[in-house]
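Right after this note come the structures.
The two complexes that follow have chain A in common; it is paired with chain B in the first and with chain C in the second.
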Partner chain A sequence: MLLDFSRLGPWRLVLVLIALLVGAYLLLPILLIVGLSFGSSRWLQFPPPGWTLRWYRELFDDPAWIASFLTSFRIAAVVTVLSVVIGLMASFGLTRGEFRGRELLRALFLTPMILPVVVLAVALYAFFLRLHLNGTFTGFVLAHLVVALPFSIIAISNALERFDRDIETAAIVCGASPLEAKLRVTLPGIRLGLMSAALFSFLASWDEVVIAIFMASPDLQTLPVRIFSTLRQDLSPVIAAVSTVLIALTAGLMALAALLRKDARS
Partner chain B sequence: MTCFLDIRGITKSFGKVAAVSDVSLEIARGEFMTFLGPSGSGKSTTLYMIAGFFDPSAGDIRLEGRSILREPSNRRNIGMVFQRYTLFPHLSVAENVAFPLRVRRRPAAEIARKVEQMLALVRLEGFADRMPAQLSGGQQQRVALARALAYDPPLLLMDEPLSALDKKLREEIQVEIRRIHRETGVTILYVTHDQEEALSLSDRVALFNHGRIEQVGKGRDLYEAPRTRFVAGFVGHSNFLDCTIAAHAGERADIVLPDGSRLPELPIDRQAPVGAAARLMIRPDRLRISSPAGADAPAGIDAVLSDATFIGETFHFALTTAWGGALNVRMPSHTLPPAGHGVGQRVRLSWAPGDARLFAE
Partner chain C sequence: MTLSHAAHVPSPARPRRLPAGLAAVTPAFALVAVVFVLPVLALLLRSVLEPEPGLQNYAAFFASTTYLKVLGNTFLVAATVTVATVLLGFPVAWFLAIAPGFWSRLLFAVVILSMWTNLLARTYAWMVLLQRTGLINRTLMNLGLISEPLPLINNLVGVTIGMTYIMLPFMILPLHATIRSIDPSVFQAASLCGASRWQAFTRVMLPLTATGIAAGALMVFVMSLGYFITPALLGGTSNMMLAELIAQLVQSLLDWGLAGAAALVLLVVTLAIYAVQLRFFGFGQARS
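Presenting the complex of A and B:
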């Protein structure tokens, strides 16, 4: 190859340098936050004068934070389940169905991805106003489902398209009913797609903030909403602690996904 | 007579395309029948109707006297091996073979015994715990065969199962399939577009063309007594020469070749009026080369040798007739005179009665 790394000679150093700079640029804010969350200064002084776990203690002692954490988690969990189930059914229709307007329907399913989130949020808010869904758990789930579903449909449709349909047919000839063949052969065959659908659906809901701000009520706030509203009042190191917990969870999920993928490939 | 598998006038249209039209076929228990034919001739579609993936637009399929059309695929109890690799990728070899027995809720002991027996049948005893991705293409198809036979189906369908394999491996597995057919006695319907494979494997061959069966018979019959021009051209090598009917009597006709020479009493496929165009067919290995026209020369066609190629056990000659018709001749090398035949030489081509056939246009 023309741009073979091992044949670049001295340019290699430049390349490594650029990569390091970009990496630092991306990682530094995260490292800064993590550092501050363990710093003893109330005023987010950097570098921290000392180290402490105080902010984490404050965080976990505050029932409001815990409630938000649980709210976020519950909403994301329900959204994940619904998104994967609905995404699976929609994907079967979109990849296997033979009907007019199939491509149009596929595009329609993906529009929430390209629509500005604020537009979506305002529209959902206005719509849910009539249904009295704003500020309810159901409203949160339905709103986040709109954002999560496209990720599910893309991941599962791709997996279904790659999965040779003759394998499912073979299971049916072997005596399995069409449903049994799907459950015992097709679903295990596309499990990687299902897992990434679940992962991305969870994350789409977990760190979504714009729609959540519109949906939230004083006693139903997701974690990002509480971070946002707390930030507007004061800049406490507890925010850094919350952010660190969020980052750790997200990183953990991504690592899990990478592991599963590697495991499935070997 | 009620035969084992009775296909009666089945037809399948996709929109305006008739993929299969009015195909009828009777297959005996334990028979090895091959569907041969060019691409798009309806072989797979016919097989899929038997498997239950497509419903015929017309006609009936009876297995042991009972129509199976109302049964869905999963209740037909038919075995099938596909062209593409269709092992379940998340299951081991043993679990793949066990799958049809598990969905039939057979007891564990029976499943274990049967899996072992099937893996022995396809000679993959040591492979029970392998995953499909760790097998070669040939091994995967052998596991697929074991899976298809695990539930003792009365009928095994195979849709070009070896077409993805290289020639050597293909021949190796052909031998295995023949042995398995002998050992199990299962009735096999086998689709291929490789005529050598069809002739070497099967008891009988059904030759498909444009959704219809042109001829059914032993491979030898198709080669020796092709009923249509398509069969003559598809099975084995053939020479075709244009000619005109000069007289017609029963199943024989006299013809005139473009140079005016007349050949009497050749078998013809169907009635044709005097003056109609026809094609004279002779196999390259049935033509004999002798010295040019003389008093003692046999009846036949005069031609000029345009090329001679030695290809091991046989010699291959290309010849041209006076009016520009092309002919090929194959002869075993040992039957040739030591001096051979030289390019540019004029020769007389002759044949035994019955080796030349006429097909009316």
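Presenting the complex of A and C:
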């Protein structure tokens, strides 16, 4: 009775009401940002007195915003490639290797995901001070790689565990070398795992802000750092425009992920 | 985590399998050891080495009313956010599990969209909404409910509202999976035995979902404890949380010893809660 929507009786009303309220709570702030980004009020009046594209023009005319957008993209792209390659190798080792301490190693690899990121941020800042890596591209890539790798290892390990290894063995029996079998049989077999590893690695780096705040220099700022430091000064509508661009990208990635899932089912 | 049978059969084609497995994990291990373990250990070590060897940083941390207040704020906000996400998240997860297809898919998409939207964009929205002249204060004043704007930002109220917003999906999604996994026939049985809806809820549904609620609550609680961005933007300077304190000790005060001590306190609490999670619910729940 409690799992049958039509037989909930008076409880149904309560459930619908709360679902409606929480849905609004989750959705309205996002719609508000989109609305404000097209609104003409510098003081963020809502509903806006008029409509304008001025904040987008300010955004795209500002070389500093474009530079940090590109910086974020470059870092995330390099992190994605490295995270998938290193994660793929580690996943092979973790799911198929037979050495002692495998589970311990898996736990170690996943730890950066569960520890408070501020601790890692402060620790890396101190460490990179000695190595002169703060404010460098290499520093950003290394730091974001540590954050992205757990996502990659989880996605690829899951795919590898589901993949029927006998298919790879069959390829070897038919004359393929072990490497050839991995490249031409196993990799295509786990491609969905690889794609979600890439997607989550990219997002982990693209959205990462805490470590980046500590590491950024005036010359090298990622997009989140620039948003954060702007927000500390004022609530400029330009931020609404940046946020809307980011929301559109997110919605696009969501659609892509939904397509991937559909592809996986068919 | 069972290996396939083939793995146990010694195969002449690949005599060097053992080292191969190890070689494959080496790059990941090197990265995590050098860019994660080493720096974190070095930071924690500084708490007992700087400015001189000893435990004076910990003594200073636990003797200072300012720092104890920060610790209190942190636990208070994390606990409030956890309770709020359970109370709001449970009915939503329930609705998602049983509502007609279109409505549950729609709400599901909203939950996912909000979770995936950039954290700073979401925090910005709440800064706009909660400010003195923001939409919420203006609406309440226009309705005549208040005559003065409520102080909703630069304090713990703002932090709690913003963090509840950000943590809700992390409660809804696992709970949704838990509720969906319940066999509907247990409720038919309860109903046949004469249970009212309320009895079925308290004696059947709650016990069956208790593990899911506890796992979600622990995860939200532990994530809230170490949160930095939302408290930094929605909170005030007089009511800090632990993560902000660590950042400030490093950035403005350059007190690495005390920052290391505060970091260790945060790590110990976090790991203790994960240990509870691991002990009672296994690692699968923590990951989902």
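In this text, the second predicted complex is superposed on the first by the 250 of 266 C-alpha atoms of A that agree within 3 Å, B and C clash if a C-alpha of one lies under 4 Å from a C-alpha of the other, contacts with A are read in each partner's own complex, and residues count from 1 in each chain.
The working rule: a contact is a pair of C-beta atoms (placed from the backbone, for glycine too) under 8 Å apart; a residue touches a chain by one contact, two chains touch by 3 or more.
Computed from a predicted structure; not experimentally measured.
Trainee: Touching A:Val81 in the superposition: chain B (first), chain C (second), both, neither?
Mentor: The answer is neither, since A:Val81 touches no partner chain.
Trainee: State whether chain B or chain C is in contact with more residues of chain A in the superposed arrangement.
Mentor: The larger set of chain A residues in touch belongs to C.
Trainee: Looking at the overlay, does A:Leu44 come into contact with chain B only (first), chain C only (second), both, or neither?
Mentor: second
Trainee: If you stack the two complexes on chain A, which partner ends up touching A:Leu260: first (chain B), second (chain C), both, or neither?
Mentor: In the superposition, A:Leu260 contacts neither chain B nor chain C.
Trainee: One more residue to check, A:Pro188. First (chain B), second (chain C), both or neither?
Mentor: It touches chain B, and chain C stays clear.
Trainee: Just chain B (first), just chain C (second), both, or neither: which does A:Phe228 touch?
Mentor: Only chain C; A:Phe228 stays clear of chain B.
Trainee: Just checking: does A:Val22 make contact with chain B only, chain C only, both, or neither of them? Give me first, second, both or neither.
Mentor: The answer is second: A:Val22 touches chain C but not chain B.
Trainee: Just checking: does A:Ala171 make contact with chain B only, chain C only, both, or neither of them? Give me first, second, both or neither.
Mentor: Only chain B is touched by A:Ala171; chain C is not.
Trainee: Looking at the overlay, does A:Glu180 come into contact with chain B only (first), chain C only (second), both, or neither?
Mentor: Only chain B is touched by A:Glu180; chain C is not.
Trainee: Let me check the overlay on chain A: which residues of chain A are in contact with chain B and also with chain C?
Mentor: Residues 166, 169, 172, 178 of chain A touch both chain B and chain C.
Trainee: Any idea which chain A residues touch chain C in the complex?
Mentor: Against chain C, chain A makes touches at 1-5, 8-9, 11, 14-16, 18-19, 22-23, 25-27, 29-30, 32-33, 36, 43-44, 46, 86-87, 89-90, 92-94, 96-99, 103, 105, 108-109, 111-112, 114-127, 142-143, 145-146, 149, 153-154, 161, 165-166, 169, 172, 178, 203, 207, 209-210, 214, 224, 227-228, 231-232, 235, 239-240, 242-243, 246-247, 250-251, 253-254.
Trainee: Once bound in the complex, which stretches of chain B touch chain A?
Mentor: 51, 53, 73-80, 82, 84-90, 99-100, 103-104, 144, 147-148, 151
Trainee: Residues of chain C touching chain A in their complex?
Mentor: 1, 3-4, 6-7, 13-14, 17-18, 20-25, 27-29, 31-32, 35-40, 42-43, 46, 88-89, 91-92, 94-100, 107, 109-114, 116-129, 131, 133, 135, 165, 168-169, 179, 182, 184, 187-188, 190-191, 197, 200-201, 204-205, 222, 225-229, 233, 243, 246-247, 250-251, 256, 259, 263, 266-267, 270, 274, 286-287
Trainee: Which residues of chain A touch chain B once you look at their complex with the stated criterion?
Mentor: Interface residues on the chain A side: 164, 166-167, 169-178, 180-181, 184-185, 188-189, 191.
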